[in-house]
Structures are given as structure tokens and as C-alpha cells.
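These are the structures, in C-alpha cells.
In what follows, chain A forms one complex with chain B and a second complex with chain C.
Up next, the complex of A and B:
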């Protein structure tokens, strides 16, 4: 396995959790809800996924548990912001703080334990092809799931009636309500889908990316996922591009540090964030497209006038 | 209340005076009441609509028409009273329940989604099992057969008010309802478009459908409706047959007192100077669906009201943006305000030269919906009244602003529920009075207004028109862009017509006729349809 191939593989692994969390949040925001608790849901997914995989020995049960805990955590957010109409920004921040604290407590006994590994896909012949073999046919199953998720969400949002309804709720919840669309129910579902994705992304971190539990191991990835959604103008394939760019620069700067390039390591560490934001700002310069894709009711509370 | 007491006993046999035949009632409300806090928006309202009739609901802004209609359409739940559909009591808990019963609604404040296409907007209100791919074709067919030109692929955000309404109407018709509720449907249509709509409505009536028609245009109501219910301050004050009434008597029932139309005092004599000049204004289309402006020349002199007529979507919005400074010109001399070049100045710069602007869209453009009236006043006049409102230190002078707000509210008779309410809580007519009053209060030398009385009731509209005439007679130049020809004939000294982004020579009001202006509007439809085929 050549060095280039290894680098490309690690890039995919670094990008996958970002992609999953960001695509989930994209659906949430398309429905008009701003959930800033992605980081909190991710870290809960990470600790739960790690713990369940460790106790049962099955990484798949770990992923399932991560998905469930992410959805449950987002349900808490949904009840607070949608039913009790609390401020979405404040509630999202609280969710993140709660998740970080709670996961540290739950995960105390997991620190330093070796995790359960998930085998990569192996298809005889295909996976052994030179150069592309490992990249295309030999990655972990969640990688393929993340690509399918991006395609599926694109199809759902722009080709199905349910997706159209969801976008209409995000564009103008008052009009949607007047048409008889159940705004609150749709937002509940969207928020919980986002939570499930964030949970899965967290589980990926602790089961595949670095198979161990470390406190605060999400290290701000939830926030990057949130930024990706905005700078990608709420379009799934742009989120994918942003996630992979972030992954590439992350891995690139690690190698640069290892090679001992004469640039302060702190500056190199900040590169992925800078590069992702600059590139996404550049591609979202088309204001008309941004206008069309920005959910107009994003973050605005909805109370039906009864 | 007296009415209710006497009528309730004989409800079963009560026949509205002058209604055609004694067919069964399709929809009936008994004592329908809705209370918001201390305000009783609808107070024991009795309404009866027969099968196959066009029933008018008349009333000023704030009379409770919208609240009543929202209860019929399931957007609001009544506190008291019952609704009978086909003779049996029903509960309408949601709009989808209303639609299932067979009630369709065309909203006044459109319930459309800006970021979606016309076809997607229509799809959202149809049955779940209607395939989205067929809707565009269906909508196109229906729009042709009912004479409502529409490009299903265009984004609603790019469309004019008139075009948006067509989507609403088509969306409603696609659901094949039994009862169609239309809230101020003709307020944005040309005479020809309105005539087509009337034909459509009459056809629907002949097919046995019922129509509840809310309008402040009394001539239309007289022409179309066989019966009417008049509301005032939340109560039903009268039932009548509009065909037996005069426009004046209908207005009297609605308002409770006589309504005067605006009085056009004779134009100023003596020397008048050009205050607003547009010299060769051209503009490329801003979006794929908007109009270019083609070499527009125009001059408005002191003491003059110039009206701009035209079918919706012929460049009026783009024209207004260019004059107001929302969009800048390359050559400063393209727009001249009070003799000074203003083409490269923004809105505040042009205001400082003495101009004032009232855009078409009241909420979100003319006023920030979730901000108080006083805050909205500061937002639009922080440059022109910097000394009075912000002081030398740039601190908000609350007292000066609230007294100015109060002055405007009194001058324009703005009716509101709180001392300084949020803009969004005012009815359309009252908010428009405030926005116009906010500009008039500065005594601007140049006033540019786009659709001054759209969706505004008769009393408020007359007041706004009178104020514009008075401003001109006091020596200002007034430019009014409107799709309401009656309005333009009422207040203008000359009328120009905008069609396909071009502006005609002004025609003095003495020489102008409906036919002449109508012809200039380009036979109205062909030009418009061309435009849509270009972009489709």
C-alpha cells in the first residue's frame, strides 16, 4: 500500500463523521430549525456507541445504540424548542454542554480500554485492484452509508413530495400551516433524523476513526458540521465536498507536521478550518442560489394562532 | 346583536331578501364567535351561502372578515357557535379538513413559498397521491383555460403580486372545491384580467359552485354577487342584494358613515419646475424571471401627480427599485431629484435630496414586521431626521420619535390595538396609512409610491389618495405606480403606461380613457404571455 493510498484512505475516514453529522443537520435546518447541539449529540453517540460495542462485542450494536441515543437527545431538544417554544440557539448550546458533561461522566470507566474494531469491506479481486481497490471497494461500511445518505437526502429533498413539504415548512411555516401541513410534526421528525445522524457520526468516531474513548473526543467536529451546512448553502453534495476538503487538509497538515515543515504547528492545525471556510465562502458567492436555498424560517419559533 | 336576537328564532325559514330562489344552503354559520384577549373579532356572526351563488362579504379592514374566513377555512377555531355544511353541523379543525369538505381559499396575504417554483407551490396543496411531475402540465392547462397566464417553472420569489395571485387561484381551482373563498381577488388585476376572473367565477357559479367573495370594490360586488353580508366591528350589520343597492349605499353600510372619494383639486397654475427626472434609464434583468428596463425617460414637475399604469410584472418593480436607489445607476444623471444628480446615490442619499419612497410590499420592505411603529419610523428616517431622532451623540431620542409616531398616527387615522404596536400586528390598510404618513410627515419634494392602496379598504384608500393629491398641490412631485386604473384616473394629472419594460409618453388626464390606456397596456395579455414564453 503506497503512501498516497494511505493518505486518501485516512481522508475518507476523517471526512465521514463530518459528512454524516452535517447531512443530518442539513435536513433539520431545511425544516427551519437551527439545532446547535450537534456537538453534544455527537459526543453522546460516541460514548454510547463505544460502550455498547465494548459490552456486547458488536460494533453494529454500538452504532445502533449511538443512533438511538442521538435521536433521543434531539427529542429532548425538539420537546423544548418546538412544543415549549424555548429559544433554539440557547437550547442548542445547552444540549452541547449537557452532552459534553454527561458523556464525560458515563465514559469515565471506558478511558484507556481498547475498542471493538469494525472490519473493512473486502470483496475478493475487486478490493485487491491496484490503487483504486482499497479506496473504492475496501473501506468500512459506514463510509458507503455516508455516501448513500448524501444521495438519499438529495433525492428525498428535491424529488419526493415529503421532501417538498419539508422544504416548504422551512421556507414559510405560516403558509405551510395555512395549507394544513403539520409544521410541528414535520420538524419533530427532521430534528430526530438530525439527532440520529449526529449520534451515528459520534459512534463512527469512537468505533472506527480512533477505536477508543477519550473525553471531548469530538473536538469541535459538531461545530464544523454546522458551519459546513451553512457554507454549503444547504445543499447535500456541497456538504460532501466541504467535508472531504476538511478531511484532506486535516490529514495533509498532519503529514506536514510530521515532515517538520517550518510552520508553527498551531497554524497548521487551524488550516483545515480556514481552508474549508474560505473555499465554501467562495463557492457560495452566487447570492441568488444562496437566497433560494436558505430556509427563510430558519431558527424562527412557530406557534400556531389558535 | 339586535339582529341576531330576532333572527335566531326564525332561522329555519329566514330567507335573505332578494336572494335568487330558495335553494338549500351550502354553508351556514350560527352565532360564530371568536375572541382574542379583550377583542371580540367576530361577535355571533350568522352567514348563509346558497349553492350556486356568489355571496359578497363586505366590511372595512378590521371588521372581522378575515377572522370569519379563517374559521371557515379551519385556520382558527371558534370560541362559540356552529358551522353547518349542507345542513349538518361540522367541525373544521384544520385547513385540510376544510379542503376535504370542499372549501377552497384564495388568500389575500398569499400563503406561498418564495423559494419554491409555482408548480411546487401548487403541488403542496393537492392530494398526497398526485404525482408532482404532472402538476406543471395540469397547472399550465388550467391557467390557459381560465385565462390566467402562468409559468409553472418560475420561482415565486421572482414573481409580482399579480402573478402570485394567479398561482393562488389556480391552486384553489385544482382542488375542485364546492365553496371557493376569495379574499380581495381583483385588487392586483387589470380590468381585462378582472373581467376574465369574473367570467371564471360566473362559470364556476353556473357549474353549481358557491363563491364567498370578499372585496372592497363595490362596483364588482354589484355586478357579480346575488347576495351580500355586511360586517362592521365584528358584527353582521346587514344582509342585502347588492344589485338593488348603489355603490354609495353599500359603502355607507360598510363604514357606517358617508365615504367620500378623493377630490382632485385643479392642478397648480403658474411656474412649475421639474423635481424628478429620469433620463434614459435602462437596466438588465436582475434575475432570470425579471424584466429589463428599456431607455425610460420621464419628468415629474412640482404640483403634479403622474400615474404609471401597467399589467403586473411589466417592469414596475424594477423601475421602482431604480428610482428609489435600491439599485444604483452607472450615470449619476440618469436619476435627478430636485435638479441634482442622484443616480449613484443610495436610498438615504436620495431621501436627503428630498425624495420619499413607499414600496409595494408593506411587510418586509416598507416596514420591518416584528418591530414597533416607532422603530420603523427611525429605520426609514434616521438619515433625514438625524438631528431630531438621534441627536448629536447618535443616541436614540425616544421622546422625539414617539411624538413623531403619534403625530403620524393621528394625521393618518391609523387604528391599532396597542400604543406602539409591532408593524405586523396592524391590518394592511392601517399599516399602509402609517407608511405613507411616515413619508408625508417629512413634506418630501418628491414622492414615489408603488401600489399605494393594494388590499386597502375603501376608507383608508380614499384617505391615502387624498393625501397624495394634497402633497402635490402643496408643490411636490408625486409619482404613483399602480395596477388599479380607477385609482390612477382618480388622482393623476397624467398617466404613462409601462409595458415590457418600456414607458409610454404621458397622456394628460383630460385626454385619457380606459380604452386608450388599456390599449397601451399592450392589449395587456399578448405582451405578457410573450414574456413568459421567453423565460420558459
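Up next, the complex of A and C:
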């Protein structure tokens, strides 16, 4: 395996958690809800996934637990913002702060423990192909899931009736309600789907990406996922492109650190964060385009009149 | 059974005052449950959290040290949030203030005069304000979401500070520990009452900032503008207020206060710049701002309460062996309850039996 191939492989592992979390948040935002708690749900998924995989010895049960805890944790956010109509920005922040705090507490005994690894899935014959073989057909199973998830969400949002309903709720909750659509119920489901995705993304970090538990190990990835949704103008395939772009920046700066090119490692480590800002500026510069793409009811409170 | 919200014709004055207390009470109950799940005696743990740190004079001084940055930052954030500017990067502005304010004692240690400290404080405020100006500028000029940019800048500031104190600014006599050389005596923020404890003038700054911003918000036209712009940008435009200038006003003010908090922490409580500059003050201050109901006077009280959780966390970890990691979980829970209870101000909550659903429609 050449060095280039190795780099491309790691880019995929860096991009996969971003992609999963961002696609989940995309569905949430398409339903008109802004959940800034992605970082908190991810870190809860990371600590739970790691812990369950460690206790049971099964990475799969770890992923399952991460998904469940992510969805349950997002339910907290849903009850507050949807049933009690609290401010979505503040509540999302609260979810992040609570998640970071709780995960530190839960994971204290996991620090320094070796994680349970997940074997890659080698598709016979195809994975032996030169160059693309390992890259496309020899990845970990969650990588394939992330691609399937992107395709599935695209299909759901743009090809099914339920997807249309969800988008209509996000674009005009007043009209959707008048049409007899249960706005709140749809938003509950969307928020929990987003939570499940964020949880899985977190579990991927602590089981596959770096198989260990470190406090605050998400290191802002939840926030980058939020930025990716804006960058992608709320379109799943563009989220994938963005996630791989960020994966490349992350891995690129890691390799630059390893090569010791004379730039301090801290400055290289700040590149993904700076890149996020640059990308956000580039995409939001066109006010009209942003207005067209943003779900019109995003972040707006909704109280059904009775 | 179904929960139904009925909008109050007017917001409830009673619940405006009560909601933070209800939230605190609920947090105590939830905390007690959490402590017993962790296998500790909940009453004993709560005692060490909330009562023990208040029993000694030196401990009250420590409370003031922890409360000062929280209050300073949260007072600035209240102006941001009231005007609908979501600055969540105060942690970064705190670090920027600490770094810029430390330039004089670190790079020009031979410059020793009484003027050094005032200059440091001014530079700290300027540093924090300049760092906050970045998301403000990007929001005004490019329409970029300030939540994400201000938050990303926190990581950049943390990494930059880490590079400084491990690299060019590292104390050569520091036994390879990261951190600058200790500041000279003219660069130290004095203690208010050295005989009684360590509390420094940072706490006085915090109280002053609280009172001044409270006056600005409730008694001046600028304060009215902050509210109008926050609640209805359209009405604000018709009144001739500039929303761009409000973005800068809110960000620069909160950045300057966060920067002042940063340099006060470094020159007061610590005495040098190191890599463990902040224990998350910039994020905890968000909780303080909401617990104080975005009112600077309420924020002073809220800052003291959250400072108490830091001290209580230390006390409980020494006395009952409760992990210090519990503190942040506790603080996060508090914000949840605060936000949930605020619903009571604008809505009446009714429990409706399911059968009545159709009859009522």
C-alpha cells in the first residue's frame, strides 16, 4: 500500500463522522429546527459507544448504544424546544454543554483503556483491485453506511411523500399546520433522527477513528458538521463533498505535522477551524442564494393555535 | 393526558422573578438524584457543594475570584443576546484579552512603572474586542452566521495560546513547563483586602460592569435600541437604528469585557500566562447570562451561584470523593432547567385529558 493510498484511506475515516453527523442535522434543519447540540450528542455517543463496546466486547453493540443514546439525548432538546417552545439556539447550546459535562463524568473510568476495534470489511475480489480496491471496497462497515445514509436521505427528502411533508414543515410551518400536518410530531422524529446520527458519528470517533476515550474528544467536530450543512446549502451530496474536503484538511495538516515542515503543530491544528470560517464566508457571501436555500422556518418557534 | 401551552396575554411578572429560583430548586433535586446514583449521600454532597464554601472568609474570596470572570463575560453576553447577536465565542475573546494584555510584562519585562497595569487592562480589552470584531465583521459584511464563526475562533485562540506558552513565550527558567515567566510586581492586579483573602480588583470591575451595563440597558436610549433590534429588527429599521452598528456594538462590548476578564484572571489570580488559562469561563458565562435572565444585576447573583459550583466541586471532590467532572454536568443541567422554566413566563401550562381534544378544537 503506497503512502498516497494510505492518506486517502485516512481521509475517509476523518470524513465519515462529519458526514454522518451533518446528514442527520440536515434532516433536522430541513424540518425547520436548528439543533446546535450536535457536539453534545456526538460526545455522548462517543462515550457510550466506547463504554458499551468495552463492556460487551462488541463494537456493533457499541454503535447501537451510541445511536440510542444520541436519539434519547436529542429528545431532551425536542421536549424543550418543541413542547415548551424555548429558544432553539440557547437550548442547543445547553445540550452541548450538558453533553460535554456528562460525558466527562461518565467516561472518567474509561480514560487510558484500549478500545475495541472494528475489522474492515474486505469485499472479495474487488478489494484486491489496484489503487481503488482498498479505497472503495476495503473500508470499515460504517463508511459504507455513511454513503448509504447520504443516498437514503437524498431519496427520502426529494423522492418520497414523507420527505416532501418534512420539507414543507421546514419551509412554512403555518401552512403545513393548516393542511392538517402534525408539525410538532414530524419535528420530534426529525430531531431524534439527527440525534441518532450524531450519536453514531460520536461512536465512530471512539471506536474506529481513535479507538480510545479522551475527554472532549469530538474537538469541535459537531460544530464543523453544523457548518457543513450551511456550506452544502442543505443538500446531502454537497454535505458529502464538504465532509471529504474537511477530512482532507484534517489529514493533510496531520501529515504536515508528522513531516515537521517547520510550522508549529498548533498552528497547523487550527487549520480545520480556520477553513470552516473561510468556507462559511464564501458560501454566505451571496445573500440571495442563501435565502433561497435556507429552510424558511429554520429556528422559528411554532405553537399550534387551537 | 397532553400538555398544552396557552399564551399569556402579558408576560407574567411573578414567573419572571420566580423562574430562576424554580430552576435552581429543580437542579438541586436532579443533582441530589445524580449524586445518589453515583453512590454518594446526596445531602452530604449538596452540603459540600453549596454551603461549605461559604463558611470561611478566604473561601468567600475564592468565590469572588471565580465569579469575576463569569460576571464580566456574562454581562457582555446579555447585550449580545438581547440584541439577537449570538456570540458564543467569549472563551476565545477571554483568551485573546489575556494574550494581548500579557504582551507588556512578557515581551518588555524591563518596562516597570505604575502605568503598566492600566495599559495591560486596556490592551486586554482591546484584544478581546478586536477578536470579537472578526465574527461581527463577517456577519455584517458577508452575512456569515456568527454562532459558528465565533465558536471556531475559540479553538483557534486556544491553539494559538498553547503555541505561545510552549514556544516563543515560554519561560526559559520554567523547567520546561509551559507558561511565561511570572509577571513583575507592576503587572500584578492588586488584591482588594490582602489580609482576608486573595480576591483581586477583577471582582470590583465585574460589579462595576454589571451596574454600568444595567444602567445602559434600562435607563438609556441605547438600551432601548438593544431591545428593539433584538425583538424586532424591522421595527428597529423603521426607527432609524442601524442593525450593522448594533452588531458591532454588541460584539465589541462583550469582547472587551471578556478580554478584561482574561487579563484580570492572568494578572490577578494567576500571575503568568499558561496553557490552562481558562476553566471554561466563556461557556459557563452563557449559563450565567441566562440564569440572570439577561439582566446585569441578575447576572451578578447568577455569577456568584455558578462560581459556587466550581468551589463546591472542589470541596466535594476532596471531602466526599465526588469527581470534579460532575461540576460541568451540574452546570449543564442548570441551563436546561432555566430555559425550561422561562416558558412559564410567556405561557400557562395546561394538562388536557386526551378525550377533550376534539371538543376543544
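Heads up, the rule we're going with is that the second predicted complex is superposed on the first by the 284 of 306 C-alpha atoms of A that agree within 3 Å, B and C clash if a C-alpha of one lies under 4 Å from a C-alpha of the other, contacts with A are read in each partner's own complex, and residues count from 1 in each chain.
The working rule: contacts are C-beta pairs under 8 Å (C-beta built on N, C-alpha and C of every residue); 3 or more make two chains touch, one makes a residue touch a chain.
These numbers were taken from a predicted model, which means no experiment stands behind them.
In the superposed model, A:185 makes contact with neither chain B nor chain C.
Once chain A of one complex is fitted onto chain A of the other, the partner contacts of A:161 are limited to chain B, with no touch recorded for chain C. In the superposition on chain A, contact of A:289 is made with neither chain B nor chain C.
Of the two partner chains placed around the shared chain by superposition, neither chain B nor chain C is touched by A:6.
In the superposition on chain A, A:111 contacts neither chain B nor chain C.
Counted by residues of chain A touched, the larger count belongs to C, out of chain B and chain C.
The intersection of chain A residues touching chain B with those touching chain C, taken from the two complexes, comprises 306. If you check the complex, the residues on chain B that touch chain A are 74-77, 94-99, 107, 110-116, 120, 123-125, 128, 132, 155, 157, 287. Remark: chain C residues 3-5, 7, 81, 86, 88, 138, 142-145, 147-149, 151-153, 155-156, 159-160, 162-163, 166-167, 283, 286-287, 290, 323, 325-333, 335-336, 339-340, 342-343, 346-347, 360-361 touch chain A in the complex. Chain contact summary for the complex, chain A toward chain B: residues 161, 164-165, 167-168, 171-172, 174-181, 288, 291-296, 305-306. The touching residues of chain A, counted against chain C in their complex, run 36, 76, 80, 83-87, 89-91, 93-95, 97-102, 104-105, 108, 215, 219-220, 223, 226-227, 230, 264, 266-267, 269-270, 273-274, 276-277, 280-281, 284-285, 287, 290, 303, 306.
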